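Shared chain: subunit A. Partners: subunit B in the first complex, subunit C in the second.
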Partner chain A sequence: MALLIVALFAIPPLYGQFLPQRVQNYLIFGLPALAVGLIAGHARLLNIGVGATFGVAAYTVAIVAHHVTFNPFVLMVASLASGVIVSVLFAVYAVVATGIEYLLLTLLTTAAFASLPLLATNLTGGENGLAIPPQGAVVVSFGLDPIQGNGFYWLLCFITVFWCALSSYLLSSRAGRAMVAIGRNPVRAAAMGYSVHGYQVAVTLYSGLIAACGGWLYAIGNTFVSLDLLGLTNSVNAVLYSLIGGVDTIIGPLLGTIGLRFLSEYSGMQSTQSQLYVGFALLVVVYLLPAGVIGGLRQLWLLRLRFRAQGVPEGEEPLAATLAREGGFDATFGGVTDE
Partner chain B sequence: MGESVAVAALNGLVVGASLALVAAGLSLLFGVLGILNFAQGDFFMLGAYAVWLALANGLGFWLGVAAAAVVVGIAGGLGLMAMLWPLRDRAHALVLLATLALSLILQQLASNVFGADAKPVAAPIDARIPIGSHDYPVYDLVVVAAAAIILAGGFVFLKYVRYGIWLRAVAQNQRMASVLGVPVFRVYALTFVISLGLAAVAGSLLAPLVSVYPTVGLDINLNAFIVVIAGGLGNFRGAAAIALALGVVEALGAIVIPGQAVQLVVFGFVIVLLIVRSQRQRVLVRL
Partner chain C sequence: MVAIAGLLVAAACGGGATGGSGSTAATGPAIKIGVLDDQAPLTAVEGAEMRVNTDLAIAQINASGGIHGHKLEAVYADPKATPDQAITLAQQLVQQQGVDVLVGAVLSSECLGVENLVPRLQVVYVSSTGCAAEDFTAKQCNQYSFRITPQGRQVNIPLSQYIVNSYGKKWSIIYPDYAFGQSQLAAYKVGMQAAGGELTQIIPIPQNETNMTPYISKITTDGSISGLINTEVGADLVRASQTLAQFNIGAKMPIVGVFGKERFAGTYPDSLTGDIGQSPELSDPPTENKYDAAYHKAFTEQLKKEDANIVTALGGVDKAVPGDLGYEAYTAITSLKLAMNQSSFTGKADTQKLIKAMEKLKVKQGADFPGGDFQMNASDHQGVATTYIAKINKQQEQVLATLAPDKLSLIGTCTAK
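On to the complex of A and B.
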């Protein structure tokens, strides 16, 4: 993990300006994927609306910068706050609905948000999108130019590592474990005295904050927002990245984002068949790697443990216990089960 | 004003009728198998291309509609079943992902085979009837009538025909139906065929009104989801009724407020409806 972090900070800048620009984009879209991973993989609430949170946060930056101020702190707070407000809606859904109804509620809400910019074209720019005025383009990112130099790239790396580390810490904490337990069996968790709805609301708001952070970074990095950010495609993409990487892991959604976006961009440059390749890649994941790439690697690791455990003398830890302890492996898709 | 309202209502009825066909199929698939098919709109698209192909080969419009229903229904239905069968006991997310992948693949293949441009399809009936100062195309009314006949046929099938009754039995309790001798596998296959056949028929009937292009099914897919949710997941009759209502409300609403606002109101309504229902929703194919 430490090597990965070092590589993230050091290697792209060594390869000139092009690579950091691309990785920058991957990291920004990796944040909503991470949010999906937390809410769907660990809390088992399949939320298709994370893209709406991302989009609203991005639009907030552009609108406030366009009409009110370029102050980067004000923009950051406004953006994150707007994302959390949207997440409150999803938190309500987590309380009143479960399973397929929850999924559909998040889907419909995202579709509703996607139509909002066209209703207030003076504010949002409508179909043309909204650019941050040139005089504030660098000011809004704390003076770090997203195009020139590596300052903005390193800020992004720092923020991504921060969210990953915090999420990992929270998941391993008592509260995080309770949240995972609620995701796997809410009835049993409630019987043990845990506030199921309380934890679901908390994880929804936390993951919303991460997605909103992604939206804020997108807006200050690109100095332009458009309808696509609020569209269903953006939301579904976040879900796909997460599921492909491994929805119940921290690093999986980020790797899924990098892999799928790279595949899409690379195949888009080579031919016009990128949609076909992405479709087949999804099918490969569905049928061959149902736990995602990281989940698949984890299964391989467990297989290795199985071989090693065959030689374990009697009286030591049984194989099943080893498997459960090491992986939390339950043979379900990315942790999203139909329990 | 009165004429505009009448014409808008008729337009809404046309959209609603075709939407009802797609949504009824979607609802059936969800009711029996618990599958939310994100690629339903793409079978709508394939139905539209079937008509375009039939016309291009001089086979006639109505033969194209029949071919769309049979070929897309059977080949598509059984193909989709073969694709999703290994996932039947797996998480919803896997099925959603698989149908999403299929949607991407079908759109790209359609673009490769037929091209990305919109292809106009001539309506089989050119006649128009006067509504005040407007001349309204007769074909649009034929679409409504055809959809009504197909949906009524579906209702009768589910209510009185043996396989229709079995289909409802499987939706209600698959294990019990199996114990009582219902051929569950055949019922599943039939559900896939009917569901995709309905989407293909809708696409073929609507082709002259919307032109044909690879992503023509995307918009109708979202609206079909709205209809299925509002009508009650797995509720065949509810889906049909809500589809007609949605088409008319959107068309009439667009006269007084912007189309986006109408859509927002519809979204809001369906969200509230779903919240109210979510605690007591039972997934059955109801009539």
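On to the complex of A and C.
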């Protein structure tokens, strides 16, 4: 993992040729995908509202920068706060609804959010979108130019690694394991004394904060926001990225984002029917890797260990012990057994 | 981990098709034009017209020797009608593909996003098909961005003057109740006020409304209204036109609406007969305009070389027409050609010279602007062009009036700097 982090920080700037700018775009959209992975993959709350949180945070930056101030700290705080406020709404849904009702509530709310900018077009630019004035383009990003140099890229890398590390730590903690257990069987978890609603609210707010961070970074990186950031398309894309990469992993959503966005951009330059290729790729992954790329790799690893374990005489060492000893799964996944 | 690193490196190597037809041998390095050509279902017609007409213009330029011996080469990218993709791809085209000029992006939000970016990329950006937002040159203009085709109040004001003078002062308007329709309403309000008329009846219709009857039946037909302005587009326009025909509104008053066969796969629905509209390019070339006839013929020949989905989107080789959507794309490239020739443009380093040449463009009707005359306004980088007011008569377009470029209004007070 340390090597991967070093590679992330070092390889794109060394390679140059637009790679840092391309990867920073992937990382920005990887954060809402990570949020989906946490709330849907681990906590089993299928929240379609990630796009709304992302979009509101982005619009907050643009509106405040356009009408009030370019101060990057003010913009960051305002953006994250607005995202958390939106997440409170989705947290309420988690308390009052479950299953399909919860899904529909988040879906309809996200669809409604897409119309919000049209209610105050002087403030938001309406369907035309809203630009951060050119004189503030670099000021809002702490003086780091997103399209030149590597400073903004390293800032993004640091923020992404921070959220991944924090999420990994929380998942392996007692609270994280309780949250996963609640996601798998809330009735059993409640019977064991865990506050189901409390954990659901906490994970909703936490994932909302990550998505809001993505929205903040998007706005200061692109200096332009538009309606599509708030709509269902952005939310569904985050869900797709997460599913393709591996919804119940930390690194999977980021990989899914990189893979799908790269495929979309590349095929768009090669063909006038790029969406056909993206759709085909999605079909292949859904049928061949239903657990996502990382999930599929993990299953292959488990299969390999099982084949190896079959050589051990029965009764001498349980398979679970073999897996724990050779794969280190108990420590890595916080004791959660593979179902 | 190796796979992940490989994926990152592979991401650096992605992209870079050399689309278009400028692939003949060059005497000097090719001048690259980055084209943001949306191929999403929402923008299928616009994207197809942009592709065909960009390829056509570049092929013609290269066939005549290019720009001082340098061939033009189109590098296409598909933002899929999403502004964030348009911004990312615009940046990629310039910084990775090394394009010298940017063109395209259909939706207003896309072209405004790219316009906001180009001062930092320091390349000229010319909008192509679409990009109808007034803000592009009325509010958000900058020294690098240009728009060739007149938009919004530029054409609505003279059109309003014509219809007020021809038919009367009091008008009804039906419009789709979302941002596009609301902007059309605002533009016609300005136009009517300038013309001494007024919109006495305003009827908003929800977007994608399937039952138009409750709205169309509100239109006053007792003779107190001089005419109807219909700003519906797409499928809503077809439904509105059919309902208007059911109520025989067209027989009772003139109807002003959207124009252009290319929006209807090359064939006007019968329900549009009698509608009046405006455009810098007629769907069928007037017999006396040899330049337009040559343009239409070349368009048809170019269309035969394009992908099947492009041809289908435009209604097939036999029916497809460039229309004003295609004309926007064609003249975006021909205007660049003229400015590049004047400024001896060879690449991005000559951007400032290209900007000065674009600002001074003044072109008579000819092969480069077959529809009519053209002139660029140096202050806001908004073009004005000969505009035709015409009436639809089944599949024919009968020209009622011709507006010279100097008859079109200023779009705003922005100063490109």
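General remarks:
In the analysis below, the second predicted complex is superposed on the first by the 313 of 339 C-alpha atoms of A that agree within 3 Å, B and C clash if a C-alpha of one lies under 4 Å from a C-alpha of the other, contacts with A are read in each partner's own complex, and residues count from 1 in each chain.
Keep in mind that, in the parts below, a residue touches a chain if its C-beta (ideal position, glycine included) is under 8 Å from a C-beta of that chain, and two chains touch if they have at least 3 such contacts.
Small disclaimer: the values here were computed from a predicted structure and weren't measured.
With subunit A as the common reference, subunit B cannot sit beside subunit C without a clash. Contact with both subunit B and subunit C is seen for A:Q273 once the two complexes are overlaid on the shared chain.
Of the two partner chains placed around the shared chain by superposition, subunit B is the only one that A:A111 touches, whereas subunit C remains out of contact.
Legend: residue contacts after superposition of the two complexes on their common chain; A:L227 is shown touching subunit C, with no touch to subunit B. Residue contacts after overlaying the shared chain place A:S195 against neither subunit B nor subunit C. By the touch criterion defined above, A:S173 reaches neither subunit B nor subunit C. Touch criterion met: A:G129 reaches subunit C, while subunit B stays clear of it. Once both structures are laid onto chain A, the subunit B stretch out of 4-12, 58-66, 184-192 or 274-282 that overlaps subunit C is 4-12. Subunit A residues in contact with subunit B (one complex) as well as with subunit C (other complex) are 118, 273, 275. Remark: subunit A residues 40, 46, 93, 96-105, 107-109, 111-112, 115-116, 118-119, 232, 236, 240, 243, 247, 273, 275-276, 278-280, 282-283, 285-287, 290, 332-334, 336-338 touch subunit B in the complex. Across the complex, subunit A is touched by residues 34, 36, 86-87, 90-94, 97-98, 100-105, 107-109, 112, 222, 225-226, 229, 233, 258, 260-261, 263-264, 267-268, 270-271, 274-275, 277-279, 281 of subunit B. The touching residues of subunit C, when paired with subunit A in their complex, are 1, 4-5, 7-12, 14-17, 37, 39-40, 47, 51, 75-80, 82-85, 87-89, 91-92, 95-96, 108-109, 112-113, 116-117, 119-121, 133, 135, 140, 142, 178-180, 307, 309-310. Interface of subunit A with subunit C (complex): residues 3-4, 7-8, 11-12, 15, 17-19, 21-23, 25-26, 118, 121, 126-129, 131-132, 134, 137, 147, 218, 222-224, 226-229, 233, 251, 255, 258-259, 262, 264-266, 268-270, 272-275.
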